[in-house]
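What follows is a short report on a single structure.
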Amino acid sequence: MASPIQLKNQARDEECLRDHYARVRRQTAVLIENLSEEDCLVQSMPDASPIKWHLAHTSWFFETFVLPAIDNDYSVFDSAYGYMFNSYYNTVGSMHPRPARGLLTRPSLKTVVAYRTHVDDHIDALLASDDGHDLGPTREVLLLGLHHEQQHQELILTDIKHAFSCNPTYPAYDPARLSARSTRTREAIERRWIARSESISQIGHRDDGFAFDNESPRHRQVVEAYEISSRPSTVGEYLAFMNDGGYRRPELWLSDGWAVVNERDWRAPQYWVDREGEWMHFTLGGLTQPRETEPITHLSYYEADAFARWSEARLPTEAEWELVADEAEITGNFVESRRYHPIESKETPRHASAIFGDVWEWTASPYRPYPGYIAPPGALGEYNGKFMSSQMVLRGGSCATPQSHVRATYRNFFPPDARWQFSGVRLARDANT
Amino acid sequence: MASPIQLKNQARDEECLRDHYARVRRQTAVLIENLSEEDCLVQSMPDASPIKWHLAHTSWFFETFVLPAIDNDYSVFDSAYGYMFNSYYNTVGSMHPRPARGLLTRPSLKTVVAYRTHVDDHIDALLASDDGHDLGPTREVLLLGLHHEQQHQELILTDIKHAFSCNPTYPAYDPARLSARSTRTREAIERRWIARSESISQIGHRDDGFAFDNESPRHRQVVEAYEISSRPSTVGEYLAFMNDGGYRRPELWLSDGWAVVNERDWRAPQYWVDREGEWMHFTLGGLTQPRETEPITHLSYYEADAFARWSEARLPTEAEWELVADEAEITGNFVESRRYHPIESKETPRHASAIFGDVWEWTASPYRPYPGYIAPPGALGEYNGKFMSSQMVLRGGSCATPQSHVRATYRNFFPPDARWQFSGVRLARDANT
Amino acid sequence: MASPIQLKNQARDEECLRDHYARVRRQTAVLIENLSEEDCLVQSMPDASPIKWHLAHTSWFFETFVLPAIDNDYSVFDSAYGYMFNSYYNTVGSMHPRPARGLLTRPSLKTVVAYRTHVDDHIDALLASDDGHDLGPTREVLLLGLHHEQQHQELILTDIKHAFSCNPTYPAYDPARLSARSTRTREAIERRWIARSESISQIGHRDDGFAFDNESPRHRQVVEAYEISSRPSTVGEYLAFMNDGGYRRPELWLSDGWAVVNERDWRAPQYWVDREGEWMHFTLGGLTQPRETEPITHLSYYEADAFARWSEARLPTEAEWELVADEAEITGNFVESRRYHPIESKETPRHASAIFGDVWEWTASPYRPYPGYIAPPGALGEYNGKFMSSQMVLRGGSCATPQSHVRATYRNFFPPDARWQFSGVRLARDANT
Amino acid sequence: MASPIQLKNQARDEECLRDHYARVRRQTAVLIENLSEEDCLVQSMPDASPIKWHLAHTSWFFETFVLPAIDNDYSVFDSAYGYMFNSYYNTVGSMHPRPARGLLTRPSLKTVVAYRTHVDDHIDALLASDDGHDLGPTREVLLLGLHHEQQHQELILTDIKHAFSCNPTYPAYDPARLSARSTRTREAIERRWIARSESISQIGHRDDGFAFDNESPRHRQVVEAYEISSRPSTVGEYLAFMNDGGYRRPELWLSDGWAVVNERDWRAPQYWVDREGEWMHFTLGGLTQPRETEPITHLSYYEADAFARWSEARLPTEAEWELVADEAEITGNFVESRRYHPIESKETPRHASAIFGDVWEWTASPYRPYPGYIAPPGALGEYNGKFMSSQMVLRGGSCATPQSHVRATYRNFFPPDARWQFSGVRLARDANT
C-alpha cells in the first residue's frame, strides 16, 4: 500500500498536471532568490554543477524530450544549448565537458531564466486544454521531467553549499535558518533497536505512483533476522568515534577508505572546520557549532562504514532498510527545522513518528539493477542504468530533498568517497549478536 | 556435496600435511625456473608485484603467522623483512609502499631463495613428528598459508606476463607452450543455454574442505528463472563485437566504463597488439595469432558487460553462476592446453564435461560479504573483508589457477577496470526473453 | 635619451599625479564596460585570474602599500580582503590559493567596484592638496601601483580572451573590432634585415622616467655583429612553417618543446580552431579568418624558437633587441587597428616607422637579473626578483599593452610554454651567415 | 693555455687511441663490479636510468655512429637494440620510452656485457693497424663516444645511489669507502674571498684539446667587479641555514622553488634522513653522520640560491666562475677521499691548491648557447643544443666525475629542482657590497 503522501502526490498529478508543473518549476526559482549571478555561475568541483547550469539543463530536458514529441512547430530557443546543457545523453549528441560547465559565462543567468520562461510557456500551452491527457506516452516523460527537476533542486542546495564552503568568509545561503533552528533537536532521541525476524520479502516499488525505473521490478529477497536503529546516528555519537581515534585506526576501515582518509587528510566529516582546536560546522545557514543531538551528516560511505564497525554494528542492506521504512510514516522534520522547498512543504502534513527523511543514509548495498530490470529504450534509457557500477545506495532523504522524493523505495546513489550530499548513517546488526 | 577434486584435496591435506606443504612450495619454485634474476625484480605497474616479492612475501606469511605461534625459539631470518614483505597487514606493522616493491634490488633473489629454504626447514621440522596434528589452531593458519601461496602462484604468472608485455621484443615465458597448444580448441564448441527455473537456493561453501572466509556462511538466496551459457564466449564472438563498433558505441557501456575506454584508448582486450592492421595476441608462449575458437580473455568487467549488452544478454550473478557450477565437473582443459602447475596437475583427473575452469568469468555481482559474514579476529581478519568495496566478483579459474582453487564457491575479485588477469565472460539472460 | 612618449608620460606624471591616477583607474573601468558579472568571475585556467579579482587586487595594492603609509586613520574596507586579494606577497601575510580565485562569488562585482571607489576616494583626498609631492617615498609606491594597474589591464584582456575561448559559442569581447580592422595590414610589409656591427653596448633603463626594478641597472654587454628583422614574422610565414610539417619534425624543436607539442597535441598557435579543415582564429572581436599579412601571435617560446630554426635564423637576445629598439620610434599600430585603452591612446601620437609594439616578441634570453640588480627591501622586493627562474623574456608590447608600457627597456616574462598572451616572433641571425 | 691535465689527456689520446678506448671502457666495467644483475636493472625514477641501460646505450653509441661509418661489413649485434637503447636521437629513429627503461629485463646483463665485448672487438680491430689515424672525421666521433661514456660513468654512480636510497636497508655501493674517508676534511678550510676587478674577458674553450660543442665558441663577456669564495660552502654552513629556518622562510626563495619546497616537503638536502631527530646522510659508502667540514652536496638550484640569499651573497655567473677556475689547478681531492674511477686516477697528479672538482657548483646562469654557437649537423647535433631551455649550468666536477671531465670550461646542466647529482654551492658577491 502506498503511503498517504504518495497517494496525495499521485492524486495531485492526475488532478492537475498543469498546476503541478507550474509549482515544481516555481519551486526551483524560489531556491535561487538569494543568489547572485556570480553565485549561479561557480563550479567548485567537477562533481558539482553551476546553479545556472542546473536551471538550463532541467529546461533542456523538457525542450529535448517533451516538446518535439508533441509540437511539430516547436523550434529550439538556441541551437547551441543542445551541446551546452546536455548532461550525459550520448544518444542525443555530444556534450560540453562536465568539469568545464563553470566556464559558461554566456548565456547569462538572465538569458537562462528567459529560456526557462520560453519552455514553460510552451508546456503550459500544451497543458491548458486537456491538462495533458492527450499527450500519450509523452505525459510520462513530462512527469519524469518534473521528478528530474526536483532531483536538481536538491543538487542546487548541495552544490551551492560546496561552493560557499570554498569562500574564506563562509557566506550563508539562508542566514535566517540558524535562528529558526528547531528546538526539537536540543534533546537527544534515545535509540531503540527495531527487530525483524527472517523472511522472504517483497522489495521494490508497487507501481502505485511515480517511481524511477531503478526501483522496479518489485521482487523477492531472503532477509535474515536483523535489528536496525530507530534513528540515524548523531553528532555526539560520531564525536565519540572521532575522539576514540576513529580516523587514525586502519583496522576500522575498508582498504580503499583508509587510502582516501590518508590521501585527503580527513579528520572529520566534510564542512567541519577546525577553529583553533574547536570544531565548527558550515551549514546553509552559515558557520555554527555542531549540536550533539543532531544527526551526523556529510559522511562518505567509508566513514559511515568505519563508524558502524567501531560501533560493533554494520550498515543495513537496502532490503533491511526498506522493510522497516515501508511500514513507517515520514515527516521530514529535519534537524535544521524545515525543508528547503517552501512551496511544496506548505501543503505537506507532518507526523511525530518519523523514522527517515532527515538525512540520506548509506546502505551496505552497491547500486545494481534489481532482478529483471530493463533500461527503457532510447535516450531515457541512459537515465539510471548506466551508472550501476562503483556506487553505493543511500536511502531516506534530507532537508534538501523535495518531500515527494522521500519514499521507502527511493534509491539514491553516490560513489563511496562522496560526502557533499547530506549523507549520514543508521546502524544495523545481525539478530542475536 | 563436494566435488571429487575437493574431497581429494581435503584428503590429501589430512593424510599428509608435510608432503602437501612441500609440494605447494616446490610448485612455486618450478614456476620461476626459466626466469632470470632481472625478470624476478621487475614491477611493471603498481597493481603487479615483482616475482621476487611474491617469493619472499609468501614465506614471510609463514614466518609471521605460523612459526612464532608454535616455536618459541624461532628468530626471524632478517629483521628488515617484516617491513619489506608485509603486503597490507596493518595489524602487524607498517610496510614498504606497494608501488616501490620493484626497487628492492636487495635482498637478492638468491637470498630470498635462501629465506624460503630457511622457513621451509623450520616448518618441516614442526611437521616431521606428528604431521602438524599437535599444532592446534595454527594448523588452520598453516593451511591458509598454503592456499595463500597458491594465490600468489597465479599472480606470478599474470604479473610476469604483464612485465614481458612491456618489452618490445615480447619474450615468451614458456616458449614450448604454443607448439603444444591443444587441438581441442581448433573446433568451435557450440553454445547451449542451460535453463534454471526460479528457486530459493543455498549459496556458499558447505564446510566440507578448505575455503576462504569470504565463501561463508552458506545462505539462502532468491534466484529468478534464468538461462546461462554452457561455455565462456569466444575470441570469434568478441571479434564480431569489435567489428560491429563495440569500442565506439557509448550506448553499450556503463558510464564509468565508457570514460575508461576513452581515457586509455582501448580498442581491444589487453595484450592484443595491432601489427599493421592485423591483431596479434601476446601470450605466455609469445606473440601469436588469436584463435577464434578459444575463450576470449583479458577483458575488464566493463568490456565483459558491454559485450554482454551487445549480445542482448547480461552477465550472470554470483548465485546464478554457482548454482550451475555446483552441479558440474571441472576439468580445466584450458585453451592453451595445460595448466601452469605441473607438479599438481600430474595427479589431477580430467573430464570431458567441463563447464568452468578455463577462464575467470566476470559476474554481475559486486564483491560484498555474505549475510552473517564475520571477519576473523586479528591480522588474518585483514585477509579478505577489507577489500569488499568497489570490486566485482569473478568465478571459475584459469590456466594460471592451481587446480585446487577451481571450485564452485570460490570468489575472486578485481576492480572493474582490471584486465591483466585471465578474465573472460560467460553470458546469461532472464528466462523467456 | 628617452623616447618622446616616455618624456611625455613622465611630464604628465609630474605635472598632475591626481589626474594621472584618475585616468589610469578609469581606464580599467572602461575595459570591463561590456562584461557581465559572470564574465568577471570566471577563471578559465590557473594561470589566468578572474576580472573581478584583477579589479580588487589592484585596489588592494593601494590599500596595502600606499594608504597605511600616509594616512594613520585609514581603516581597511573589509578585513577579509587582505587574504583574498593578496597575489603573492608572503611578506604581508598568507593568501587565497591562486587556482581557487574563480570560486570567490562573494564579494560581488558591485561590492568590488565600491571597494575601488572607496580606495580612489582616499587616494584622491591625499592628492588633492599638493598633488602628492608631500608623500615622500610613498609617492614612488603610488606610481608603481599605477604601473601595476596597467599590467593588470593587459591581463584583463588576455584572461577574458582565454575564458571566452572556452565557450563553444566563442563570444566577442569587442564585436565592433573586426569591422574596424585596419586596412594597413591588408598588404604585406616586406622584411628588411637591420644589421649591427659588434659593440660593447649599454643595456637597461636610463633612469629618465618610470621603470620597473628589473630594467636596471644599466650596464655594458658585449654584442657580436648581428642582423635583426625589421618587423615581426607574419601569419603567412608561419603558415608556411605549419604546411612544411613544422609541428611534426622533432629536429626543429627544443627537447622540452617537443614533449609539450606531443602531450598537448599542438598543431597551430593558441586560439586557432580547425573548422572542417579550415583554420579560423579566435580574437577579441570573435572568430575570424587569419589574415596572412598580420603578425603571427599566441605562440609559445617553443613555437617561436622552432619557427626561427626552420627559418634558418634564431631569436634575438634581449640586448640585440634593445639596441635596435632604442633607436626606433614606437607606434603601436597594432594589427587589429587600435589599442584597447581608449582613454590613454586618445592622447598618444602615432608614427609611421614603428618597429615594435604590435606583438610581444620572444627573445632568446632567460629572465635573469641584470648585473648588480638588488631587489627592493620589504614586500615590494617580491615584485619581480623572485620570478627570475624558468621564464623567458619578451620585448615589445601588444594591442593589449597600455601605450606607456611600450618602451625599449621593458622586460616582460613568461614560461616557455605560455601562449595566451599576444606573443609572437621576430627573427635574428648572426652577421655574415 | 690548457691545464696540464688537459694536455696530458690530449697527448694520451693522440699517442694511443686504442689504449685510451680500452681504458675508458674498462673503467665502466670496474664501476659495476660490486653490483648484481638486479642492481643493474632497477630504475628508481624517470630521471635516472638502469645501469644496464647505461652499459648498452654507450655501446649503442659506437655501434650507431662509429662502426657503420668505417666498416661496411658491420652488422648490428641485435636489431632490436636500435629502438631499446637509443636515448633521444630522433634523427636515427624512434625509441623506447625513458620512464620504461627499467622494465627491460631482457636482454640480460650478461647479454649486454657480451654486446659491449662485441662492439669493443670491432672497434679494437679498427684501431689495431693505424691507431685510428685513418678514420677521418669518424675519429672525432669515436673520441666523442668516449667522453660520452665517461658522462655515463658519472650517471652510473648517481643513479645507483638514488636506487639504493629507496631501499629501507640503505645498501652501500662501496662499503670500504667510509673507513677510508679523508682525514683532510676533519678540519674546516677557512673561506677567503677572491676578488676580481671589472673586465672584458674571454670565456669558453680554447680548442686546445677535447671539448663539447656547448663550450664553444670562445667569446668576450663584460664581467663587473666581483668576489668569489675560495671554496664551496660546507655542511656546517648549510646546517646554520637550516637551523635558522631556511626551509620555512619564503622571502629567501625563488617563487618556483618555494612551491617545490612545499609540494615535496623538503626540509634538508636529498639523502638526508631524519633518524629520531638526528640527521644522517646516505652516501655511496652507506648511511653516516654528516661531517660539518665537508662541502654540502645534493642541493637543488633552488636550495643553493636560497642559501646564497640567506648568506647575503649570490651564486656566481658562469663567466665569474670560469675566470677564476681558469687560473686554478685542479685536484679533485673530494671529501670522500678519492674518486670513483681507479683506473684513470692512478695516473692523475694531485695538487694542494685545488679550488674546484669536489662538487658540482650551481651557477646563476641558465643553460644557453654561447654567441655564435652552431649545433653540429645530423644526429650528433642533438647531443647538446636541444636541451638549452629550463636548465641551469653547474661548473666544477665531483667525486663521481672522471678526472678528464674536470675542466674550467665544462658546462654541466640540470633543471633547477634536480638534486640527485653531487651538486653544491659556491658563494659570490658584487665587489664592495
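A few points about this structure:
As written, the chains take the letters A, B, C and D, and residue 1 is the first residue of each chain.
Rule of thumb we're sticking to: contacts are C-beta pairs under 8 Å (C-beta built on N, C-alpha and C of every residue); 3 or more make two chains touch, one makes a residue touch a chain.
Quick caveat: nothing in here was measured; it's all calculated off a predicted structure.
The minimal number of chain-to-chain contact steps leading from chain B to chain C is 2. The chain with its Cα centre farthest from the Cα centre of chain D is A. Spacing of chain B relative to chain D, judged by their CA centroids, is 47 angstrom. Centroid to centroid, with C-alpha atoms defining each point, chain A and chain D lie 60 Å apart. One finds 39 Å separating the Cα centroids of chain C and chain D.
Shared interface positions of chain D, i.e. residues touching 2 or more other chains, are not present. This structure has the following touching chain pairs: A-B, A-C, B-D, C-D. Chain B meets chain D in the complex at residues 36-42, 44, 52, 80, 83-84, 96, 100, 102-106, 108-109, 163-164, 166-169, 171. Of all the residues in chain D, the ones that touch chain C in their complex are 88, 90-91, 200, 219-222, 224, 250-251, 253-258, 301-302, 305, 364-366, 368, 371-372, 381-382, 386-390, 416, 430.
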